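A, B, C, D, E, F, G, H, I and J label the chains in the order they appear, each numbered from 1.
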Amino acid sequence: MLFHVEMTVNIPHDLPSQVANELKATERERALELQRSGKWRHLWRMAGRYANVSVFDVSGPSELHEILSALPLFPFMAIKVTPLCRHPSAIREDDT
Amino acid sequence: MLFHVEMTVNIPHDLPSQVANELKATERERALELQRSGKWRHLWRMAGRYANVSVFDVSGPSELHEILSALPLFPFMAIKVTPLCRHPSAIREDDT
Amino acid sequence: MLFHVEMTVNIPHDLPSQVANELKATERERALELQRSGKWRHLWRMAGRYANVSVFDVSGPSELHEILSALPLFPFMAIKVTPLCRHPSAIREDDT
Amino acid sequence: MLFHVEMTVNIPHDLPSQVANELKATERERALELQRSGKWRHLWRMAGRYANVSVFDVSGPSELHEILSALPLFPFMAIKVTPLCRHPSAIREDDT
Amino acid sequence: MLFHVEMTVNIPHDLPSQVANELKATERERALELQRSGKWRHLWRMAGRYANVSVFDVSGPSELHEILSALPLFPFMAIKVTPLCRHPSAIREDDT
Amino acid sequence: MLFHVEMTVNIPHDLPSQVANELKATERERALELQRSGKWRHLWRMAGRYANVSVFDVSGPSELHEILSALPLFPFMAIKVTPLCRHPSAIREDDT
Amino acid sequence: MLFHVEMTVNIPHDLPSQVANELKATERERALELQRSGKWRHLWRMAGRYANVSVFDVSGPSELHEILSALPLFPFMAIKVTPLCRHPSAIREDDT
Amino acid sequence: MLFHVEMTVNIPHDLPSQVANELKATERERALELQRSGKWRHLWRMAGRYANVSVFDVSGPSELHEILSALPLFPFMAIKVTPLCRHPSAIREDDT
Amino acid sequence: MLFHVEMTVNIPHDLPSQVANELKATERERALELQRSGKWRHLWRMAGRYANVSVFDVSGPSELHEILSALPLFPFMAIKVTPLCRHPSAIREDDT
Amino acid sequence: MLFHVEMTVNIPHDLPSQVANELKATERERALELQRSGKWRHLWRMAGRYANVSVFDVSGPSELHEILSALPLFPFMAIKVTPLCRHPSAIREDDT
């Protein structure tokens, strides 16, 4: 089932840049992996902001939380979750 | 190019129900048409609300406005538009 | 799976009171029925407000939306949905 | 009597991780204890956030404050309290 | 136990003035009665607004809700409830 | 005349605890003194929060500011002031 | 003593224009009178809005409420009151 | 001098459409006239909303208010005004 | 022309107190000077807050910005600017 | 196509001033360059705030993001993006 997730990243300026870079690199690895597995179905950048809009396809809130809370940047993100369902006028097969 | 659009519908309770029903039917026709054309790429219902999350693929803000402002329910919707771009970690072809 | 739902009712003062009363009576019937079925697991009144806090146990966002959007007072409610999952420190069997 | 409590945890990134870990371990111990005593009746994780939704069954605001203000993570939590009462359409015995 | 309550009154301009006046007169009667009984312990006007700040002394959220929801102006009020408890530095006997 | 004051305390976690403790002890002394003098008429804790609701009886905004800005925790408090006046339906002598 | 008051006028579009005009005319008379008496010390229009910023010089919150609640447009105004006091760096005699 | 103005139009659905159309037509005439005079320097539509972003070049807040408050749709617009000045890094001649 | 300005000061607790004191002393000097010149026409303290309400009389937004951005505490202030104009019902000569 | 962008700068007070100055100097260079290229079409200072209102003319959200995220002060700015389109009543050639 689908969940709409907005993530806004806010890395404190006094976090050592090496730490930040490692977190970002691992975050990227994890994002690629989760997309390949089909769990992280869509991933877009919001123009002009260090933030993304995503759609996850998971078995439920529990799996969603496991995935999000394990992201390396989780401690530095404000996250907003919205459960989605099929729109009665939707025609696209995979918008479910 | 892609735009993320949230639409929240708020039909006044004193609008005659026949008028409301006609608006909704036409809205649905228009939504199907725009999805078939590829302009309205994604359309999801937010669970528990008379609202949707959508992604439009249009030639720019002008076409987006033409489409949205011509929707039959436009006068009764609060609309929030966010321009999207490709995320550096995205892998899906059509998330651009 | 569990969803936390806050519903705030706002019935327009110019809705005929007979219509309002019928809506409320049907709403009550539906609430009893859904609780008996186990779908509407918890239902509390927020003190001092025409609003409730609820927990639904449904198969996913789709079923949740079906239930909520079919409530007689749905057109007059502001609804906020939050997906829940088991807390790592929870001990109660049915908080899952 | 019942109180609905939302707790959002925000541990400063420059708090030494050993201190943070000890706080979290003690918090967990306290949460288990309070649940076993029946005071902390429900405890759910909000999916995707370091936050919980809880229901406390206490003798009143004073006991609620004693409990919450003594939680190890209290200095790092934003807490929102809502007093609950029985909903006229509730059927569950222990939703009171 | 004590609850801090803010009530903001918003009477629709198209409510017939006779109806409004009767509601206000009954509201006043009820307020006097509840104060005499000791349930409505404090009642202040917020300067410049059709709103009050009150402190109720009731047996719990249930009694508070019964009282507030039975006020004649309840359908036209926005109400905010905050549970209070004794402050460790308070000296006044009846601030409990 | 009366002013309703909400104070929310937010002590930075990196303030040395000895400094914080001295501030709190002096704050308490000052609160007791001001209550005894009758200036700080009511003082309640908001359940679950490091915050209080107070009513001050002072000669005007100037005296109120002198008192509040001299509180030891003033630099760490968010303060909201609301001028009160007698409610036309109030019966308590000292709610003026 | 001084109070800073922001008034935003919002006259419902379905109020008969004759009623509205009479209210505005009386409001103007009352504003002139209160300014002449010295109670309404300053009165400015916020550019681009049907709103004003004012400073009242009254004996306290009670007199302020009497004045504001008796304004003909009071039922159609959102009012925000802020108590003022002399700034330690002010030099103007009448800013007290 | 320049003022940044955001106008959001909200025409009540029960305003007769003939009235609304006349207001819109006059509004358009006035907008053209003010642009030709140079007072209304920029005028853009916000995509997806019945709202505009504008820059006015006027002699001060007074002239700005005269212009805005005389717009036919003024009673149905929420308006936000921000005074602008030349940015130290601006190069465009007419951004002053 | 007149601008209404609200300044809220927020000095970080870890700014050395000597630095803070020098900033405040220079701020005071500058405030006195600007008041004497007539540019800073009114200056009031908001009771209970480290904040002021001011009215500036300047040649336009540019001069206003020069003045405000040169204040020693500018980096530690949240500033809200509202352009004012003469109210049609104002009688005071210098409220223009 | 055009995008309206508001940037609010918030440089942490504990960032070494040399670092801050270098960032500002480079930011200025980049702003000049982008204006000369025509991408950064308008740039205004909001009076009284360390913030600007800008209009960018770019090929789409992707180019906009590239530009904004490469600004030296990007990590210290809150940015709000609004897509613009031609207003039906606009007359200025380059407001498109």
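Note that in this section a contact is a pair of C-beta atoms (placed from the backbone, for glycine too) under 8 Å apart; a residue touches a chain by one contact, two chains touch by 3 or more.
These numbers come from a predicted model, not from an experiment.
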Using the contact definition given at the top, which chains are in touch with both subunit G and subunit H?
I
State which chains count as neighbours of subunit H and simultaneously of subunit J.
B, I
Matching interface for G-H, options H-J, I-J or A-B, criterion over half of contact pairs identical, gives I-J
Rotation, 0 to 180 degrees and nearest 5, that superposes subunit B on copy subunit G via CA atoms:
145
Separation of subunit B from subunit F, taking each centre as the mean of its C-alpha atoms, in whole Å
50
So, what's the distance in Å between the C-alpha centres of subunit F and subunit A?
43
So, in whole Å, the Cα centroid of subunit F is separated from that of subunit G by 28
Where subunit E touches two or more other chains simultaneously, the residues are 2-3, 14, 45-48, 61-62, 64-65, 81-86
So the complete set of touching chain pairs is A-B, A-C, A-D, A-J, B-C, B-H, B-J, C-D, C-E, D-E, D-F, E-F, E-G, F-G, F-I, G-H, G-I, H-I, H-J, I-J
In their complex, what parts of subunit F are in touch with subunit G?
1-3, 60-62, 64-65, 81-86
Which part of subunit A faces subunit D closely enough to touch in the complex?
3, 5, 12, 14-15, 61-62, 64-65, 68-69, 74-76, 79-81
State the interface residues of subunit A toward subunit J in the complex, per the touch definition above.
11, 13-14, 45-50
Touching residues of subunit E toward subunit F in the complex: what are they?
2, 4, 27-28, 31-32, 35-36, 41-48, 52-53, 55, 82-92, 95
